[in-house]
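Paired with subunit B in one complex and with subunit C in the other, subunit A is shared by the two complexes that follow.
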Partner chain A sequence: MKHALTAGFSAFVLGAALSVAGAASADDAGANNVRDRSIAYAVSGGHWGLYQTADGKAECPDGINEVGPRETFKALFPDDGTKRSVVETQLAREAAIWSPEERAYNFPYHHAGGKVGLGLNLDGKVGPNDFTSPDGEKGIDNQLFRALGCLRWLRGPDGIGYHFSDIYMREFNYNRGLIELTNVDSLADDPDVDVTIYRGRDALMADATGAKIMPGGTQRIDTKFGQKFITHLKGKIVNGVLTTEPVKEMYWPFAWFGGNPGAQHILDMRMRLKLTQERANGFIAGYENIEEWYYGLARGRSTHHLAYGSVSAPGIYKAIHELADAYPDASGKNTAISMAWGTDLTQVFLKKPPKEVAEAAPAASKTERAGDRR
Partner chain B sequence: MKVLLSRSVVCAVGLAAGFGLAGCSDASSGRAAVKTSSVTAVAQYAGTPARVRRMTQSQYTNTIAYVFGSDLSIGEPFAPLPRTDGLLASGASSAGMTAGEFQQLQRSASAIATQVVDKGNLGDRTSPRRDFLVPCKPAAIDAPDDACAAKFIRQTGRLLFRHTLPDALVTELTGNAHKGAAELKDFYAGLATVIEGMLLDPGVLLITDSTEPDPAHAGKRRLTANALASRLSFFLWDAAPDDELLKAAESGALYTKKGRAAAVDRMIASPRLEAGVRAFFDDMFGFEEFAVTAKDPKTYPMITGQTLLDSREQTLRTVVDHLITRKGDYRDLFLTRNTFISPTLAPVYGVPSSTGWSAYEFPQDAHRAGILSQISFLALHSHPARSSATKRGKALRETLLCQKVPPPPPNVDFSAVENPDPTLRTARERLTRHSVNPVCAGCHKITDPIGLALETFDGAGRYRDTEKGVKLDTSGSLDGKTFNSSEGLGSALHDHPQLASCLVKRMYSFGTGGPLSNADTPAVEALSAAFAQAGYRVPDLLRMIAVSDAFSEVVETPAAVKTADAGQQTVAK
Partner chain C sequence: MNGMNRRRVLRGLLDGTAVCVALPLLNCFLNGNGTAMADGSPLPVRFGTWGWGLGLNKAIFVPQKTGANFDLPEEIQALAPIQKHINLFTGFDCFRDAAPNLCHKTGWVIARSGIAPANQSDLPGETIDVTIAKKISTTTRFQTLTATATGNVRDSYSYENAKSVNIADWSPLQFYSKLFGEDFQDPNLPDFKPSARTMVRKSVLTGVLDRTKELNKVVGAEDKARIDQYFSGLRDLERQFDQQLKKPEPRAACHPAKAPTEDAKPGLDYELVGQRHKMMTDLMVMAVACDQTRVFNMAIAAQQAATTKPGYDKPHHTATHEEPVDAQLGYQKEVSWFIRREMELWAQYVGSFAKMKEGDGTLLDNMLIYASTDQSLARLHQIDGLPMFTAGRAGGKLKTGLHIAGAGGQGTRLGYTAMKVFGLENTSWGTQSNNTSKEIGEILV
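And then the complex of A and B:
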């Protein structure tokens, strides 16, 4: 099930976002997928955690951003008979994407606003820039939502970035993030479970409707090239919702345009996921280094694609610098921005390598708890 | 004729002393002769009628693959056969061929011929098949070469027609190749016209039981050696004979007991036996129905088209592994927890899988024992959106026990089942209500007590304990034997006296090419006894049938045409 970050819905409450399909069929068949006190899920969809109302007025009071590469180019280089070289026009604009200057971008770029936002309270505080979740939780930290929330590109269900996000998560095997819960006594309530993140190696299977990923598939764990993704966390399950403690950092497989392999490098990362026997969904949240995040965006998208969503990469660059809210550098300038990634997962069985193979792989797990580096 | 079975079978059933046949060793197969002293099956029977059978799709596919290679694309030009006496194969002797079907065959033959003489193209990744399928190079590629054409025609025609071609026919076909090559200015194009013609020849498409007088039994007839070779090969390999079998036929070896036993043992030891066993069980289990089976994707989203294909393959793999590779007891096929799993089946069974097919043994507590608990049986004999105890019970009786369940009366009211009272939550509740109608009860009482034991599997074959929240009652009985679970049903079926004899009937029909008649009863009874004595091992049963006199002897039927000259072959009509 897609979590409810899509336009056209009157309310996008976290509770709804965490609602999960998978009701028992009339035949009452359905396996208990907690085996040996373990259950695992594989990524089968995902979107940025951007709160969205049907008309956008609540979260985008200044309107939707309409200035992208085409509009910028037209304004900078009007068809007025001036002779210009490719170097000083197209290539200059490409360079502005790869090496943007924060102060040099003077086109309008609307931030999202309003009171409601999606994500988690990362710092345990309720600050003036924090959001309140749709179900009333205060202190939601998600400044990346302010930076991205008014881009048509990422607004569902028609934004190109939104549309392809699920497809990329499903079809690019590189994106096969896996979450395994062990020491599970109950999927409904368990005060102490272990959570491990891996990257899987296998494709997902669509069900007979073609619209959903079928639970019950099997994933092999990538212990070779996927070492950096292996992360251990502690968590608890309350009323079927898993909440983990934060971990210092985590890499989450992230291949976008063209399937170029990459990762979201999330600091102070923690998860909150609604769990069922067949599905899980919710948020992976933390902070992302703004330079890393931006170049992930620039690498993952061509100007051509950004143009279709009126996405100004230099505008985003400027916005995330303005909105960064954590990890200050020596000068006191924040280098990271709070974020939430909404993820949909489908139950899978894990096929782990033999113990000797796993032990031979270089250790890269990250168990250090997050410190207060904000 | 009083000889019941051939010498080898007589050995197997322990009748050697009675018939004075000494030295009944089984040296050719390396197996110990089966001790069957208790078997006293003595009856009179003569054989089977001579028939003309239309080649089946799989026989055609396997034959083309053997003669020209398995990489040829041939399509599926054959129309479905009518299921007769439990088998499609038995309908092959009463099937016609429409003009439309012949057109399909012509297209297929043309495509095959083109591929056989393909010169290959590296860019298209097609191989130069002409270089290895045509045993000679023409003197000139743009002109006839009668010697080379004749060599190909003799070699290939022998395999397609399943006998050495008469010189006159070779001359005629070579002349056709000559004419085609001359007109088309291409030796291989001329050859292709002959290949296409051969593939459409009734002598290729029809499996004819040619007969001849039986020198051992005055006044009786038997299959000709080549017809016997075809019958053996289509029975055991689901394909036309290979060169070695044709040689055995043409040398007369097939009509010596030793020679026939050796030929049969070679065929049973061959990897090609798997094709024959798969064809038989695919037919017996009615798996052609998978072509028209679909599940409601909303009710059973985990059942894709590939899932159903894989479920068919799973059961066939289980059958081959259990019966041929492990040489297991046929009855244990309904108890075994050993099977094979594919990635699309694993979610339905709720188990992990590996890439591709992998061997898998269900745990003791998995409620999966025997092929009755496999998706193929459970899903095939269900409705698109719900299970069916009745369909499953009927299929078990008809498919596995060779019993006949009468069709529902024409005026039956199905509303109680198809639009059931919503307060009736389980199949047992619905069927109990349904069966109070005496019109329905007669048949339902012979199907439902069986099928209800399988209600712990939904219409997709997924395990469940409950239906609409109600704990399922899986108790029932099969012809007097009671049980409380699907595993219990498997055990009851395992011990059912008709289970093995039904297999014998079907396999005998499959081998001899037609439905059974009362005249076949003694043979079937004797074979059933021998099968039991052999520990219900299917390779032994295949061998017993293949070497039996009945397999090669011909009985006269009113439809048979006798020639005036007893020395000439007779072709059954």
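And then the complex of A and C:
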């Protein structure tokens, strides 16, 4: 198998983990954090599910994208003595980010390709545009990888967007996504567990460096402003891997630069997480509405920060329109794109007011087969 | 003292303007060995700092060899002329515990205060220069002097608390005027005549402060505390006036040059920063030699440095995030260019103090300069392995020429060591995981 660059991206190891029987890991030694048949985890890291090799040649045969805001600006407005106003230059480029027109973007933008990709098979099919996971699972749906996979900004372990993603997940308390498993008989194998998603309210418990998150912290649940995050799913655990059924939609806390509260709004969402007593990691996958997703990008990253990795927002906009693969509108044009969010979680204990939660939580969402929404 | 004073001979008037001509160091103010003042009191030992921006590239900055005669990888080759005067500390960490990693802030604040800041507006505790100044710099005209080569008054690594940053002198002209303008009293003048202006100021201030005593009699305890806090700054001023009204101790190395005729040009181009750094350093050297202060700070760049390279379109900080890592070299070439320039200026700074004779040695022999930065690998905002330097032998208390590898230990140990060198009585320094009571013994004599 071609060696994949996995540093810092624990979600990538999911495939390998699936073949490990028993599910108990080294960090489980002596720990038993399943209390009253429940265990919970809090978000402690996260990245887009982007497969990458060390030299990038397999997934980016056309090269890494190097045309970002600076390069675009220089090309459009060369220093040739022409007098130009701020409105027709800087402000025009800002407008192109906030109100992009896909047809108007004519700079090169390389899509990721290759056969291998990360994520889940969302539609149960193996299509011509699907990927095969590193451990051989076919039919992986992750067209967002094609759109983002050749941005230096998001390539680990030191792309600045990749780097900040982890920091933001850890340090912006708004990103405190919680996953609670109840009715758990075994973390190794259990055919029927209940999964509930919340937003937590507390900082994570860290070691002295502040970078390594320690299990055993406590989280209060946000039942006031976190209503829309509360989601119930059914799942099963096989060989220490939790797989949930899809749910119609889910909001996942997502604050980027500046900590501005936001959310990933994922349709046909399901999770696959490798579980241990102290950690969980894997993918949250589904489809995202491309206009919503793009607005989140523009809102969470200034032009200045996009320039860190030669990221062309209009280029991405054009790409996600070209690659959208679900939820067609009346004209037949797809409005959503398949995606996978790699998430790292650390075990926590939940402090929740049962009555309040019971009143706050909506009725269990009806689960639907992914294909029903396409 | 034999009563001779070179100023008596060479000081005079030229077209109505006072002129001074420097003479070679004379030992007439010192004891027979040149190791102490003539009256037997020791030569003062000073504490200085130097701050640079955006860290290092580990592979080409950190020497392979520890201890003496360490190698100088390419990013610090400029330090060859001063290697014997400095110690290099690598592999020391700053611990933020539950505090966030505030980009370009957490690292330098921990290194200089021992405490992790809680947020962007937080400046916890006080910086080490302020702490040491309270011990060693209470009898000089300025308790501390803070300067920057960036031309920006805000570029300072020194603060007393979150609301009281020691803003930096940024203009060589203004700095000269502050140091050697009409309030400067040459310590080497044969006769001392208190400044009439200072006497008037002092009398006005004394009158004001006397009124506070009356006020204190009629207000409650809480208001007394408020008044006390309000007037504490005025009392510092009063202390400064008191010192100016006393005859200063003679300082053989003190020979202020002529005032600069024009200010350094504005701009962050490294050539301009270098010019400004040299002008400010020369003035700082003379301020210390003239005993205007015993604690001083200099910043070559702000944390998150915005310095620029001619012909390259990205400032230093922007380059750390935008320049791709050169696949062949394994580091960011342009970013390294900036760090190399900073090391050249560090060598210039140390060398300037090393060139100034004092007694049987140099000014540098009687000081400890502490240098730190905001990040280790700036591209990823790392604060582990934060590089630091010291320069000078602190009056014979420190060894130099050593590379000390910290192996992940507390970076605050260096600040604590400095405190012990200056005789501070605290038994530890720093909070939480940065709290230490362990000196870096390898550098102590």
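Methods note: the second predicted complex is superposed on the first by the 325 of 374 C-alpha atoms of A that agree within 3 Å, B and C clash if a C-alpha of one lies under 4 Å from a C-alpha of the other, contacts with A are read in each partner's own complex, and residues count from 1 in each chain.
In this text, contacts are C-beta pairs under 8 Å (C-beta built on N, C-alpha and C of every residue); 3 or more make two chains touch, one makes a residue touch a chain.
Owing to the predicted nature of the structure, the values given are computational and were not obtained by experimental measurement.
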| item | value |
| --- | --- |
| Partner chain(s) touched by A:158 [first = subunit B, second = subunit C, both, neither] | second |
| Contacts of A:33 with subunit B and subunit C, given as first, second, both or neither | first |
| Of subunit C and subunit B, partner touching more subunit A residues | B |
| Partner chain(s) touched by A:329 [first = subunit B, second = subunit C, both, neither] | neither |
| A:209 touches, of subunit B and subunit C: first, second, both or neither? | both |
| Subunit B versus subunit C as contact partner of A:218, first or second or both or neither | first |
| Contacts of A:351 with subunit B and subunit C, given as first, second, both or neither | first |
| Subunit A residues contacted in one complex by subunit B, in the other by subunit C | 205-206, 208-209 |
| Complex interface listing, subunit C residues touching subunit A | 93, 95-101, 116, 313, 318, 321-322, 324-325, 379-381, 384, 432-433 |
| Touching residues on subunit A, where the partner in the complex is subunit B | 25-31, 33, 202, 205-209, 212, 214-218, 220, 349-351 |
| Residues of subunit B that touch subunit A when the two form their complex | 295, 297-304, 307, 343-344, 346-348, 350-355, 386-387, 458-460, 462-469 |
| Touching residues (chain side subunit A, partner subunit C) in the complex | 70, 152, 158, 160, 163, 167, 171, 203, 205-206, 208-211, 307-310 |
